[in-house]
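A, B, C and D are the chain letters, set down in written order, and residue numbers restart from 1 in every chain.
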Amino acid sequence: MDIQEIRNKAKRLLESGEVKVVVGYERGSTESKSTPAFIESPDDVDRLIWDATCVNNLAAYAIQEAKNGGVAIIARDCDARSIVMLVQEHQLDKDAVRVIEVPDETQWADDPALPESLEERRAFWAKEFEKCTRCYACRQACPGCFCNTCFIDRIVPRWAAKRAGASDAWMFHVTRAMHQAGRCGDCRECSRVCPVGIPVHLLAREIETFVGELFDYKAGMDMDADPVLGTFTPEDPDPNEHGG
Amino acid sequence: MDKIVTKDNMAAWLRSLREKYEMIGPVKRPDGAPEFRDIDMMPPGIIPGGIEVALDNAAWLMPPKDYLLPPTETLFTYDEKDQAEPLKVPLAGDKPRLLLGLRACDARAIRVLDHVYLDGAFADPYYAARRKGMVMVGNVCDEARWSCFCTSVGEPVEWLKDLDAVITDIGAGFVVTANTPVGESLLDSSYLSDPSDQQMNLKVAAWDKLAAIPKRPFADKLAKDFLAWDDPIWEKYARKCLGCGICSYLCPSCSCFDIQDERVAGQIERFRCRDTCQTCYFTLMPSHNPRPEKKMRMRQRLSHKFKYQPEQFDIIGCTGCGRCVELCPVNLDIRQALAEVTPNE
Amino acid sequence: MSEETTTIEQQTEEQKPKVWKPRILGILCNWCSYAGADLAGSSRLQYPPNVRIIRVPCSGRVNPQYIFKAFQRGFEGVLVLGCHPGDCHYAKGNYYARRRLMLLKKFLPSLGIEPERFHFEWVSASEGIIFAEVIAKMTKKLEDLGPFSGVSVVQGVTQINTDAEDEHR
Amino acid sequence: MSSAQPATIEQMKQNPYKPLLATIEEIVEETWDTKTFRAVFQDEEMREKFTYKPGQFQEVSVFGVGEATFCLASTPTRPGSIEFSVRKVGSLTDALHEMSEGAVVGIRGPFGNWFPYQEWKGKDLLFIGGGIGMAPLRSLLNFCLDNRDDYGRVDVIYGARSSDLLCYKTEFDAWRNSKNTNLFLTIDKEEEGWQHNVGFVPAYLNDLAPKPDNTIAITCGPPIMIKFVLQNLATLGFTDEQIYTTLEMKMKCGVGKCGRCNIGHLFVCVDGPVFSYAQIRGLPPEF
């Protein structure tokens, strides 16, 4: 996509007063990095860039920025799904947010495959979570993690200790993934930001697959749809039909 | 004292040191990223290679602080049923540790940790037990990564002198320089010999190269009072901060911790674990929170390193290792923030 | 009633030291399943005593993290019982629960946990017999699966002691 | 503050994270949400050796729940036990409130600095306390009353929202009856049978208009009260050097390691909790 097109769109949105800020990418502190840019003046749109270094899901800033007025966000397909999801979850006013769509040209790395046997899978995750530093960057970068107080930060009850090690980290990651059910647009920010390389996004991806199979639902596709676990039909799959 | 060890003898020499020390060094993970770990834990076959590959200037992902301050550490256990002595404090291992592959910035970070944990009316006994008898062997970086800025916050060549011994790669072999009697004892080995003048010249050249890493534009500002409290840059940079703890958890000199109790399998354990000033929970009290906003927490982290620690210990807390620069998910580069901040007049 | 089941008295006197029994956490809706369990007890129906019961106001109150926590702390199985669809005391709590828990059950194998370790079903206040059967059936399944090695086993080293017994005294 | 350390407690020096075990001997219900605990060390030698100075604090453990910071509300002039007052505000204080006499707690301390009472000999003292904020003042007040001849006139202004929220009621008479000592009580709103002043502490301070000459003012209470007390003291002519307070920050280690309680380059656990207003003025506004 031509960068000039993005800049023009940003300029129009700012000039018309439709939005107060455009969240996009600008050159980072080195050629190989971009960094989020908050463009508030039409004169600054030339700072915006669009290239292979633009990898962040900027929807992570949507709630923060919408507080100060209208916000436009440069978004790939998966990022736009996050924004739709936030509207569905009543975290964002749909009139307060605009999306400047960009094509998804991200060079996704190959995902590690989950092992076949259950025992190996358990060991796979234990080994991954053993590395976890509990920095919570996965949560902080995730647009779906909008809770004011994360369950893991609660003191009463304490769901997991802050200690290092696979067990408490398992509790954190698995619960966080489940909380993302019907919210994950597969932007893979959680895995990208992880400083120790845990493929966190695989958890949410598994869940989204099952959400699709069970409820014929895909996260962040329809602003007017109810969140998948916030609704039901009497005809939903039932444990008795599936042998409990 | 300087000695030379050939590339062929290097592995044998290091292996001989393992008889006396528990050896920790940078090894490459299967995915290629280097990290600090206990070399004893590696399968025996790959020890020589494991050591060799990591003696270059890769920014080890995990800082060496893990071996002085484990990510989680038991302070004591409490057994309600034991009437006589319910409180038990775990004892540190008795085999001395040798940290291998420390860079100048790592050495500096340990100096900072020493101040925090050993200075003042109360020394930290858990840290002190690990630190005591610990042998530190480092190496001279062959080049700066894009994220490094050690020369901007001090003199890395001087920092190397905190180490017991320093290894300099001179191509055909390694010059090993002992700075302390312990370091000299390491060099007392048949695998090492006296270096030639030419070899010594190569070593000096490598050290000079380290000292000549260009300084960043903010370096001149690092006088004591250069971080203005109400500077708008705090807001500007905090805006893109995600509020995760990567910068502090992977910082070699960040050492703040939390203390928690946990009851597992009927036993009570009090442990401490890493914590970060970048979350609102760090200072949250029932009555109020002194640092409720991201910008305050970012100001705290930089001020702690560049203002408060210089006032407390006469040492800049940042070592310029660049981990926070390299690993920040939003490329919040503290070097830019430091360059932009207005000095207090 | 299967052959394996015993009364509590028999178990404590004869079998407990010898036979491994899976530990089950049962999360029961107050209005139907808990009453069903009560009925099973007062009717002196025999079912294995290895289930620890938590009473909740509605199966809709069951957050999936309760189930994860139970597995993290070493329970071999988790059971959620609620009112039959249409019979919820709060009209539709069990419908919400059904979505969540169906999803959870499908997700467990992705984590390497056998789906049989989690069971949920509808049990009304009058279904004391069904309650006893559910427990017996699940116990049998878990016995076949064998002990649960936990969620943090890396290279054969268990990182945390299982303390399901202790936590839920 | 004063330069001399309190008598060294070897055990704390060896391992400041290892609590000393103590038994709760007495629990006084001060208000509906505040209790004062009197604890006695299990180690008999420690009962004698444990000394501290007014203003210092300790970390109290409920094993299995955690630890919290409380100022020592008792005075070292009455050795053998220590006292601390606890308002129910969270999980740890809840656990303490559920304890009964005979329960075991852990004590780490004494930590922090103390009121420079040595330098105040011969001066008049003005205590201004609000609610549970009276706890650190009580330690110093009882200390001074036990060394009554060292100090001049002692005035105590103590207020709370209502009469049932005043702590240490059983000691009021002892304070009033001490030589050259006055107790001025105040509550926010009129109550039946209340014999004393009605009004906020800062306003009452203005009404009483104490003279600043040769006087030290020590204040502790809710932040909003302290704010106006400081303003009014300034109006009355008190200099920043004549005013002292104690600051509260979240703490974990208590010995300057965990990095949590800093205000600028000072750690409240090591450089505080006692600060003169002159010192506070030089600190970043982050507490």
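To be clear about the criterion, a contact is a pair of C-beta atoms (placed from the backbone, for glycine too) under 8 Å apart; a residue touches a chain by one contact, two chains touch by 3 or more.
All values reported here derive from a predicted model rather than from experimental measurement.
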Chain whose Cα centroid lies at the greatest distance from that of chain A: D
Chain pair with the higher count of C-beta pairs in contact (A-B, A-D): A-B
Inter-chain centre distance, chain B versus chain C - centres from mean C-alpha coordinates, in Å: 47
Distance from chain D to chain C - Cα centre to Cα centre, in angstrom: 51
CA centroid of chain A to CA centroid of chain B, Å: 32
Contacts with two or more other chains, residues of chain A listed in rising order: 165
Sites on chain D at which at least two other chains make contact: 90
Sequence positions of chain B contacting 2 or more other chains: 258, 260, 262-263, 275
Chain A - residues contacting chain D, complex: 155-156
Complex interface listing, chain B residues touching chain A: 31, 33, 61, 70-72, 146-147, 239-240, 242-246, 249-250, 258, 260, 262, 271, 273-276, 279, 281, 325, 327, 329-333, 335-336
Of chain B, residues touching chain D in the complex: 75-76, 78, 80, 86-87, 89, 116-117, 120-122, 124-126, 229, 255-263, 268, 270, 272, 275, 277, 282-288, 290-291, 296, 300, 303-304, 307-309, 311-312
Chain A residues touching chain C - in the complex, by the definition given at the top: 114, 118-127, 129-130, 151, 159-160, 165-168, 170-171, 174-175, 178, 181, 202-203, 206-207, 210-211, 213-215, 228-232, 234, 236-240, 242, 244
Sites on chain C touched by chain A in the complex: 64-65, 68-69, 72, 85-86, 92, 95-96, 98-107, 109-114, 119-122, 149-155, 159-160
